[in-house]
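The chains carry the letters A, B, C and D, assigned in the order they are written, with residues numbered from 1 in each.
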Amino acid sequence: MKAKIIRKQDIADLLDNLLRKYEVFAPVKRDDLVVCDRIGSGSEAFLDYTNSIKPPKEILFPQSETLFTYSSFDDAANIKVPLSKERPYLLFGIRPCDARSLTLLDKVFNEEKYKDVYYLNRRANMVVVAIGCVKPRATCFCTSVGGGPFSPEGSDLLLADIGDDYIVQVITDKGAKLLEEREAEDAGEDKLALMRKAIREAEASILPQITIDGLKEKLDRVFDDPIWGVLSEKCISCGVCTYLCPTCYCFDIVDEARDSGGERLRIWDSCQFPLFTLQASGVNPRPTNKERYRQRIMHKFSYCIDDYGQIGCVGCGRCVTECPVNLDIRQVLTTISNK
Amino acid sequence: MTDLSNQIRESARKLLQQREVELVIGFEQGTLPLRNTPCFIRGQEEAERLIWGSFCDNNLANYLVKRQEKVAIVAKGCDVRAIVELIKEKQVTREQVIIIGIPCQGMVDRRRIEAELEGKEILEVGEGDDKLILKGDGFTRVLNWNEYLYPSCEACTHRNPVIYDILIGDMVEEKATDRYADIAEFETKSPEERWQYISDEASKCIRCYACRNTCPLCYCQECFVDDTHPQWIGKTTNISDTIIFHIMRALHLAGRCVECGACERACPTGVDIRKLNRKLASDVKELFHYEAGISLDQVAPLATFRPDDPEGFMLNP
Amino acid sequence: MKREINDWEPKIVAFLCNWCSYAGADLAGVSRIQYPSNVRIIRVPCSGRINPFFILASLQRGVDGVLVSGCHPGDCHYLTGNYSARRKFALLKNLLEYVGLEEGRVQFSWVSAAEGGRFAEVVARVTERVKALGPAKRLVKR
Amino acid sequence: MKNPYLPLPMRIDRVVTETEDKNIKTFSLSFLNSEDETGFKYIPGQFAELSVLGKGEAPFSIASSPTQEGRLEFTVNKVGVVTTALHNMEPGETVGVRGPLGNGYPIEALKGKNIVIIGGGFGFTSLRALTNFMLVQRNRSNFGDITVIYGARSPGLLLYKDELQEWGKQDDLQLYVTVDRGDEEWKGKVGVVPAIAKEVAPGSNNAYALVCGPPVMIRFTLPVVQELGFPPERTLLSLEMRMKCGLGKCGRCNIGNKYVCRDGPVFTLAELNQLPREY
């Protein structure tokens, strides 16, 4: 299908129309932060942003989620799963790196053997409309990890900002269907040329920052190297990098007692927390920063490849900019590559 | 700044050479503009990495707890106050640390600078005597750095190290500031407004515990939020649990918090954590005449009492 | 069925120290002094035993008011438990009101073992105040 | 779509206090719905998550053998919130069970082989399940000689005492029970498991060694097993890690790229030798 044109000034109106049929999530400004949240009106969407502080993963995989509530274990009927038939979700205006993160989450939560009904319930009819990055930040390293500022993976439609208009590229049938709901003119050659120029410039502006080729093999070799202790020394074992990461999906399952029953919740957890792996016996296989930080890197750049055929990093740069002690994953990976 | 950096390096080299310490904890250039980052120096030849600048905002005292070896630490006013508390609480011994004290002019708040530039990305920073030269794609901005200090630095009344072994640079004049003015102002609001504010702030919290982990005085082996037996509070982002987490953390820090602001700087979502900590610091000062981290001799306010402590708050029918 | 507001009776948790206030409550009882039945008493060894978290946990679980009571200063069975507690309580009470909890939800008093009447009066005052505030909403976990 | 997080309702039929310190109990459970029982197909070595009302869930090896129809048994050591709550429960009460999870012992590979089981303390539960599985008449001929070496710190801490007595009388398995430290009444062997294994274990010819126990026992037993000539491919271990989801998702039980809950808990020593030493 041909690329279409949407005028920027029509975006709010377009979203208002889509709101009739979809639960729409878009970047919005809350205080000084841009977050990806449910909107009630098209004018709330704030598309002139670099990236949201939190990744959109929480829309599909919320930080706290009730798996079920129960009054007893006497009968399966006393266990209630709060899954309702939701209106289809529309994720509008997320960045291509975050859209790409969904391809990994899909593999994690939609495995042959265990289907995550909670994730899939929301994901099933979801449409993803991403906006390519005309002005990537210096901390973006998507191109180093196989993506790019206009990477289509995970998106159904991909917008390109060419000034007054967005050019809409159709990536999937789902995207084509969404676009059918509204008349839009085809993008002419002049505008397509502008888009290609924007893409070229954006791609060129992102410098290669880490070397992925051979990294996995290197990591698998250096597991026991003392370098991990040096690299992780300043880590304070907080959960910033993992909670803000679009692909980190580790979780905990906890119960909370309610009146005469309980609620089982799934909550985000972080491999950086000392208690994450602490066994009841008191043994902890990852007792210090060193093991925990290594786990994070190994998981993303080695184990994920073994399990899901892709690395667990999309190069969004959130962990780079938000780490309280400036522990920079790019520097860490480069140090390891150079070993 | 270059001068101070050189003096720090010189001291570090000497200490390592004479084997007075095994480790020097200080700052080095960060990987991003507007960032300096903690570093650990064990060999004289590495001392070159040490620097001093406007972005040395982490509280390095955080790295002292549970160390066995003898350590030298580069410490600004608030870091030293934290070290004093840690010594009093027997987490570090005075003999174990060599304090390389630095009178501090305040640290620059990178988020304020970023806000000032309205999203334009800074790619390079130069530090002049009182200026910051910010360069990005097609722009250069020069700002007075002392107009962009962290709120905690603006309210700071102990910029000079209260104790030290080596002093780098000259003592600076302490600011006469009504540092709790904003707390008093907040108290004039109605309970509804205050509750709304606190709830809004807490709703931003993602329970990543960066505030706790970056705090030099939050050194408990197992924090109450992590306890499961009993489980004090829920682990979800339920607003009641989150507010109680912050209230309890603030209470645990009452009379111990040195108001360095590390918690707030670490918070990725900008929760106004100091609103609670500073209320307690202000109460502790007013009710019990104590300020954390000022003296090695004064007993912690919640480890002691006076028979005539104020009790006007008690119900007395 | 809609409950009328005047049907509503607050639930108040009272943390009483074993040696004075609990005995004071006991004395109120054996002396047949009438006081509101809204308090649920939890006996603790000493007011110094009260972790601020007990109070927060009560509020979180939906009690409408909390009363904490111990021996008068100088009379602590453990000599100084209540003096230490008093400092904690002062900070806690201020902080709770500072974050916007209504003044009067959480109250502190001294009641000796001989003060059955005073205990009844304290409970009456607390109940009256909490009733005026209405059901607790802030800090309650939903 | 099947929801992998939902537990099945089960009733506690019997609780046996196993050890004299009363810290270990065995719970015998039965399914409240017969369809659940037909759906719950497991092999020895697998585990399941037990749910207690308002407390949470925790993983336990299934201590019964699938040949013991109509029930599931779990041997539970009282160490945390869920296990303490379980210990306070009585017959007639209900719990939730989610499983079976994990890979279990490689039954097909074990067929036709001599089996040497070496267990210590609380780690014996899944080995007990396997032993019972092999001992039933219709399975027994599938396996060669069966040797069971089992030890605990003291006689009072031995699990399944009645069953051990029964096994001791049977001639289709060799049973050696040992304790680190005996008492006046103890007539059996005294010595740590690795030492006894060295003394009594039969040859490794056409045999598999299966080891499970506390880390220190494993550390000293593996060299013995090796000395006896068991190659790593025929040395099996059942591992324990902190687990939550049991589905290979939640991220805490992995050793390198292997998740103990999903790819284990049973591994050959050859497999483990390929993995980092992070357990």
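The working rule: a contact is a pair of C-beta atoms (placed from the backbone, for glycine too) under 8 Å apart; a residue touches a chain by one contact, two chains touch by 3 or more.
None of the values given here were measured: they were computed from a predicted structure.
Participant: Determine which of the two chain pairs, B-D or A-B, is joined by the larger number of C-beta pairs in contact.
Facilitator: Ranking B-D and A-B by C-beta contacts puts A-B first.
Participant: Taking each chain's centre as the mean of its CA atoms, how far is chain B from chain D in angstrom?
Facilitator: Those two chain centres are 50 Å apart.
Participant: Could you put a whole-Å number on the gap between the CA centroids of chain A and chain B?
Facilitator: Their C-alpha centroids are separated by 31 Å.
Participant: With chain centres taken as the means of their Cα atoms, state the distance from chain A to chain C in Å.
Facilitator: Distance between chain centres: 48 Å.
Participant: Residues of chain A that touch two or more other chains: which are they?
Facilitator: If we look for residues of chain A contacting two or more partner chains, we find 252, 254, 256.
Participant: Out of chain D, which residues touch more than one other chain, so two or more?
Facilitator: 80
Participant: Which residue numbers or ranges of chain B touch two or more of the other chains?
Facilitator: 234, 238
Participant: Go ahead and list every pair of chains that touch.
Facilitator: A-B, A-D, B-C, B-D
Participant: Would you pull the chain A residues touching chain B in the complex into a rising list?
Facilitator: Touching chain B from chain A are residues 30-33, 49-50, 53-54, 63-64, 135, 137-139, 233-234, 236-240, 242-244, 252, 254, 256, 265, 267, 270, 273, 275, 320-322, 324-328, 330-331.
Participant: Using the touch definition up top, name the residues of chain D that touch chain A in the complex.
Facilitator: 1-10, 32-33, 51, 53-58, 79-80, 83, 94-96, 215, 240-242, 244-245, 247-257, 276-279
Participant: Report the residues of chain A in contact with chain D in the complex, numbered from low to high.
Facilitator: It comes out as residues 67-68, 70, 72-76, 78-79, 81, 108-109, 113-117, 120, 223-224, 249-258, 261-262, 264, 266, 269, 271, 276-281, 283, 285-286, 291, 295, 298-299, 302-303, 306-307.
Participant: Mind pulling up the chain D residues that touch chain B in the complex?
Facilitator: Against chain B, the touching part of chain D is residues 80-81, 84.
Participant: Per the contact definition, I'd like the list of chain B residues that touch chain A in the complex.
Facilitator: For chain B paired with chain A, touching residues are 30-32, 35-40, 58, 62-63, 111, 115, 119, 121, 123, 204, 206-210, 212-214, 222, 226, 234-238, 265-266, 268-270.
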